[in-house]
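The structure's right below; bear with me while I get my questions together.
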Amino acid sequence: MISFELTEEQELVRDAMRNFAAEAMRPLARECDETESLPDAFLHQVWELGLTSTQIPEVYGGGGEERSPVTNAIVLEELAHGDAALAIAAVAPSLFANALVDHGTEEQKQAHLPAFCGDAYHTGSLALIEPGALFDPRRLRTVAEPKGQGFVLSGAKSFVPLGDRASHFLVIARNNGDTDAFIVPRDARGLRISETEKNLGLRALPTHGLELERVEVGPESRLGGNDGCNVRRLLDNSRAALAVVMVGLSRAVLEYCVPYAKDREAFDEPIAKKQAIAFLLAEMHIEVESSRWLAWQAASHLEKGHAVTRSAHMAYRYASEKSMWVADNGVQVLGGHGFIREHPVELWFRHARTLGVLEGTVAL
Amino acid sequence: MISFELTEEQELVRDAMRNFAAEAMRPLARECDETESLPDAFLHQVWELGLTSTQIPEVYGGGGEERSPVTNAIVLEELAHGDAALAIAAVAPSLFANALVDHGTEEQKQAHLPAFCGDAYHTGSLALIEPGALFDPRRLRTVAEPKGQGFVLSGAKSFVPLGDRASHFLVIARNNGDTDAFIVPRDARGLRISETEKNLGLRALPTHGLELERVEVGPESRLGGNDGCNVRRLLDNSRAALAVVMVGLSRAVLEYCVPYAKDREAFDEPIAKKQAIAFLLAEMHIEVESSRWLAWQAASHLEKGHAVTRSAHMAYRYASEKSMWVADNGVQVLGGHGFIREHPVELWFRHARTLGVLEGTVAL
Amino acid sequence: MPIDFTLSERDRGILQNVREEGLICRNYARYYDEHEEEFAPDVLPEAATFEPSFDVSAHPYDKRVDSGLPVISALASIGSTWGDYSVRMRRGGGGLGNAALSAAGTDEQKKKWGGLTLAMAITEPGCGSDPSKVQCTAVLDEASDEWVIDGEKIFVTTGCRADGVILWATVDKSAGRAGIKSFLVEKGTPGFVVAHKEKKLGIRADDTAAYVFTECRIPRENLLGLNEEVQTKGSGGFRGVMKTFNMTRPMVAAIGLGIAEAALDFTREELEKAGVVLEYGGSESSLSAPAARFIRLETLFEASKLATLRACWLAGEGQPNNTESSVSKAHAGTAVREICQGCIEMLGPMGISREHLLEKWLRDCRITDIYEGTGQIQRLIIARDLLGYTRADLK
Amino acid sequence: MPIDFTLSERDRGILQNVREEGLICRNYARYYDEHEEEFAPDVLPEAATFEPSFDVSAHPYDKRVDSGLPVISALASIGSTWGDYSVRMRRGGGGLGNAALSAAGTDEQKKKWGGLTLAMAITEPGCGSDPSKVQCTAVLDEASDEWVIDGEKIFVTTGCRADGVILWATVDKSAGRAGIKSFLVEKGTPGFVVAHKEKKLGIRADDTAAYVFTECRIPRENLLGLNEEVQTKGSGGFRGVMKTFNMTRPMVAAIGLGIAEAALDFTREELEKAGVVLEYGGSESSLSAPAARFIRLETLFEASKLATLRACWLAGEGQPNNTESSVSKAHAGTAVREICQGCIEMLGPMGISREHLLEKWLRDCRITDIYEGTGQIQRLIIARDLLGYTRADLK
């Protein structure tokens, strides 16, 4: 059946996250961006919400709650509504942990999951993107060559979030025609982590480049062990999650512009009374809503174990295009004030264009 | 130097053509479309303007006036402003004649040009487009194989304008890696001309399919003789000309919508006083103007003998996109009235989408 | 039920049936497009064995697993017009007036007239999108307990073939919009004349009529919803009339989307035949231009469809869906234009040939952004809701 | 001269010079973007030997073959901001106030102040795009033959570094728009204070200032155009003030286009390095997605550039260009947004890295559709002209 109904529990968690975002994230966002810093205090605060640990099975020290990609989409939209950079930092650990839960061998789970159930913020990171123009997640240049029981990884990655503090990287590489994910510790021999990259937006979220110069890893590093894992699904999940982040961002823009346009006067009346502005706002609303349903559809496909590549692709591409459109026109609604850093729309504009090319950094 | 100035002569010819279009074309357009017919009387009337013959050198019986692609662009915009289908029929002979003048051997000129200088409408036609999806003028499937001194042509063409009355077809075909144009008489053995095709728009302009089943032609049929000719330039010219047709069409839409919007009332005032409608009209004006300058630029490049592939490509693609946009929104401005065949906007909507995929049928 | 985007067995069964019928309708699509003066038969011979597509009551409904009526109706509309918009209109039940009846009629009215094909008549020669300018009058003759209708209506979709019409008329011109009520008039009622049939860009087999009502008398109980009171305070009364739009707008969106989906399916097939590879999950940079464009258009379709289902789902839950109905119509109105134009452009010259239906779908779909309130009107409605503005605040 | 789109030797020489200087400016682009509190030096060491780019008088001009001053100025602006918008602003002569001076100043005023870099101050904290709301006053003190200026201005481009400013002030509030006049105030005049410097999305090295004027006295002859009369009948007086926009609008378009061209050139190079083939003269269907998209964006650039040159050419011919100026600004305002956003999307993640300038160009170009009248204001102007409507008719 087709249904858009939130469960009571989902409504509760949505409201709680909306409050958290408004109180703990929105006020931090501008300064974190200007100073390009991610405060430990925030990570600690967000860690206490238990976003990651509660969904890890009890046997590894987690809360053992059933994971619902749909519920996680609802949560992530609210966090991103607070701030997209901080939201990604908040849920980045889940990407790594969920990948292990979904695709890892028993040994891999035992080795890595307990660290995500402790009192302190702990994270791994996804090393997917590669330097250079026209990056395509389906055409990776990083390779894994078998050597003995293990593998030798060679290549370069960029835009690896939280490369400064991730304990391990999930390095996506071509392995003899297939694509695999390899769990690589940050101190692996031959692995070089770059200085923090400087990006257009999401400046509160440190990202790093990795150089993999013949990094030798054992057989236990291959996610899923001898069987490998469904990397495609892992990336689809990550793209669907990024779509949700963009929905939250777009909604933030719209909700900022509406009262602004009602308040700001020109030619003797609020600019919202001009069709040119009112129609822009209507169009923003149309696209925020439509983007959300595409993202929910992908999340629902994930939840039910259905094929998700196409629906995640659509959700990601649509949200990418429309969140850029919404943020760009948010700037336009504010006019000169949209261009200065006193208003958050300037920040959201940069976030939008940045998120729209990242291909995946979080998970549902 | 950059200049947008019409010469006095260009202004005169523009005004004359504007009158002709308003008086001799616009009143015919709807009925010709509904009945899918091209009246001989109109062709006779247009022939008397001497659009083709005056520019043919005197030695072949023409007026010997210098041909100016820029002036021809100005003329063609006005004719298309009258009606695009009739305009194409009016200037179709020029494409054939100009191709001979520009690229033909002396023998070819002598053989074909005098017929264009008589009292009766006479035309040849361009056989460029081929059946099937994704037609690309740079990737033709019709081939010319050398045989003896001559060639054997094999393949199929479609959307050949005036296939019912063209004396010859300029068949564009691949010839051993190169592309060549071949002058093929309509009664050539192995050439089959289809029934009139049925198209979305331009219904007053009959188009036909050609089947070339091993059509044998002599060496004199290859345009330019042994040297062949610059088919690329011929097609660039044709695309630039089509861009001009679309400019004339778009202007017609705009000029119809402006008084309509001032006259039509809703919610107690003319709809033109609503920003939503006024901004659509402004945008139409922006695009009509911008499309015209791109088309003029290509025409000017042709006139000066400069490289024109890129500027003609841009002019054609831009006019194609924008004339569709303008016509589509012309329908929107008229609302329900835009959808019915009492108003010409319905016709222009169909013309626009049709012209936008034709790749070339006329010349400057 | 929690968020879900999958179809139940029943849902799929209904839609399968609709699609099969649609394909049959499609066989007749070109013929009736080219012969707009003829009407397609009520029952196409090949489809005689099908249940009427919209008779979902024929299928046992389990609210725990099956999609609700508005949602499945929208999906069925998509499926039918995917077959053919115009010929589909011949298969009863789907008139826009029926959506109005089901949104605003009393239970008894729904029962009584549910079996008729009902057109919806709003527009008048002078009023366009402005319902407050309705000149058509309904005067109650207490003596005979009848309403007397006088006036003209234009652009009545399916107006010639419908069994009856739901029309807007004012019972009190001085009350402005609040005086407008919806009435049902059956064909054959004296004083009700079909005056004219329009020649159109598209949906040619689906007739569009002009009506003239001259002292046309209908029973008092033909007032939709039976609410005779004119609420001059607030716009409560008119809102009741507008409510009829809350299902017609998403249904109009669905009708357009069915056409767009047909265009996409045809184009996908032709692209694949020509060797174009559609790949998901990667960057656009590795795709060919037509593949990238196609996937964008397909995505636009999907977004529009979900917005439409959302508006319908709210209706099914009995929740307000005024904004969402306009969102669905506004979204689909532009989406279907872009999709059909884009498909033609991708396929090139073959796209404009009347040997294929693609050019027809372009013409057919164009009405979506016009009737039942243009895209501009929908955006006004959305903006007012968003801004908390009245009609006076934002004109 | 007849229609022509080729550049003369002189034209090309000037533009070559501008581009070379532009490339030098580009070396400093990132530094001053990241150090917005610092000012780029007036003369960059590597560019010390260049003539000032806009001193076209240094080149012998032949009106039979060379492009006129407005056209070559626009092309030179494109060339300079192709190098770098912000650093370019350090190379005198290019302030928006200078365009106003040249459009509305007397010959003597042009001569006297032509050598200064002049900012243009219109916006006030409460007025945005609505010039009739100007609160800044200019009162004539007949005794001293001085104007006394009081008020605040915000969003003054190059406001900190300019040698002076052309500002709008009202000499008669009761006269509304007709009371507004343009005045020139030089830096250092007592009562003129630079109050604040904005932190911005882009064009960070090009400062944007807020000014406060408190009993600031300037000579009577500092009224631009020297027309003291307030024409309360008609809007003639204000039109004089608005005339200053007729060159600033296409110049702003040109500035944005230079940035967009830089983005296109960088993207073309990266695409070609990555093996993308750009082919003209064929159908899009054979192109790769990035090639097709790139050519579309390039075409958009070309269309916008020609619209800008058209507005400038009219100015050079002394013909009215009010509509055309707005067309150029409206077109470029949206084109540059689409181009820079699209280039980043095509290149993917590398497009958002501050290792390259592309992300900066996105930020820099965004101002184009905002300052000197937003795209919405430009469309209003165009629509009014098209419809023959007054400001009262179409608001």
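When the chains are written out, they are named A, B, C and D in that same order, and each has its own residue count from 1.
One rule holds in what follows: contacts are C-beta pairs under 8 Å (C-beta built on N, C-alpha and C of every residue); 3 or more make two chains touch, one makes a residue touch a chain.
The model shown is predicted, which means the values in this text are computed figures rather than measured ones.
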A-C compared against B-C, more contacting pairs: A-C
From chain A, the most remote chain by mean C-alpha position: B
Where chain A and chain B are represented by their mean Cα positions, the distance between them in whole Å: 52
Whole-Å separation of chain centres (CA-atom averages), chain B against chain C: 39
Chain C and chain D, separation of their C-alpha mean positions in angstrom: 49
Touching two or more other chains - residues of chain B: 133-136, 274-276, 279, 359
Chain C: positions in contact with at least two other chains: 274, 276, 283-286, 290, 345-346, 348, 376, 379-380
Interface residues, chain C side, partner chain B - complex: 123, 126-130, 132-133, 154-155, 198-202, 208, 270-271, 273-274, 276, 290, 337, 341, 344-355, 359, 362-363, 366-367, 369-371, 374-376, 379-380, 395
Footprint of chain D on chain B - complex, ascending: 1-7, 10, 70, 133-139, 232, 235-236, 239, 258, 261-262, 272-273, 275, 278-279, 281-283, 285-286, 289-291, 293-294, 296-297, 299-301, 304, 306, 309-314, 317-318, 321, 359
Residue numbers on chain B that touch chain C, as the complex places them: 129, 131-136, 158-159, 197-201, 264-268, 271, 274, 276-277, 320, 324, 328, 331-332, 335-336, 338-342, 346, 349-350, 353-354, 356-359
Interface residues, chain C side, partner chain D - complex: 274, 276, 283-293, 345-346, 348
List of chain C residues in touch with chain A within their complex: 1-8, 11, 65-68, 71, 75, 279-286, 295-296, 298-300, 302-304, 306-307, 309-310, 313-314, 317, 323-324, 327, 330-331, 376, 379-380, 382-383, 386-387, 389, 393-394
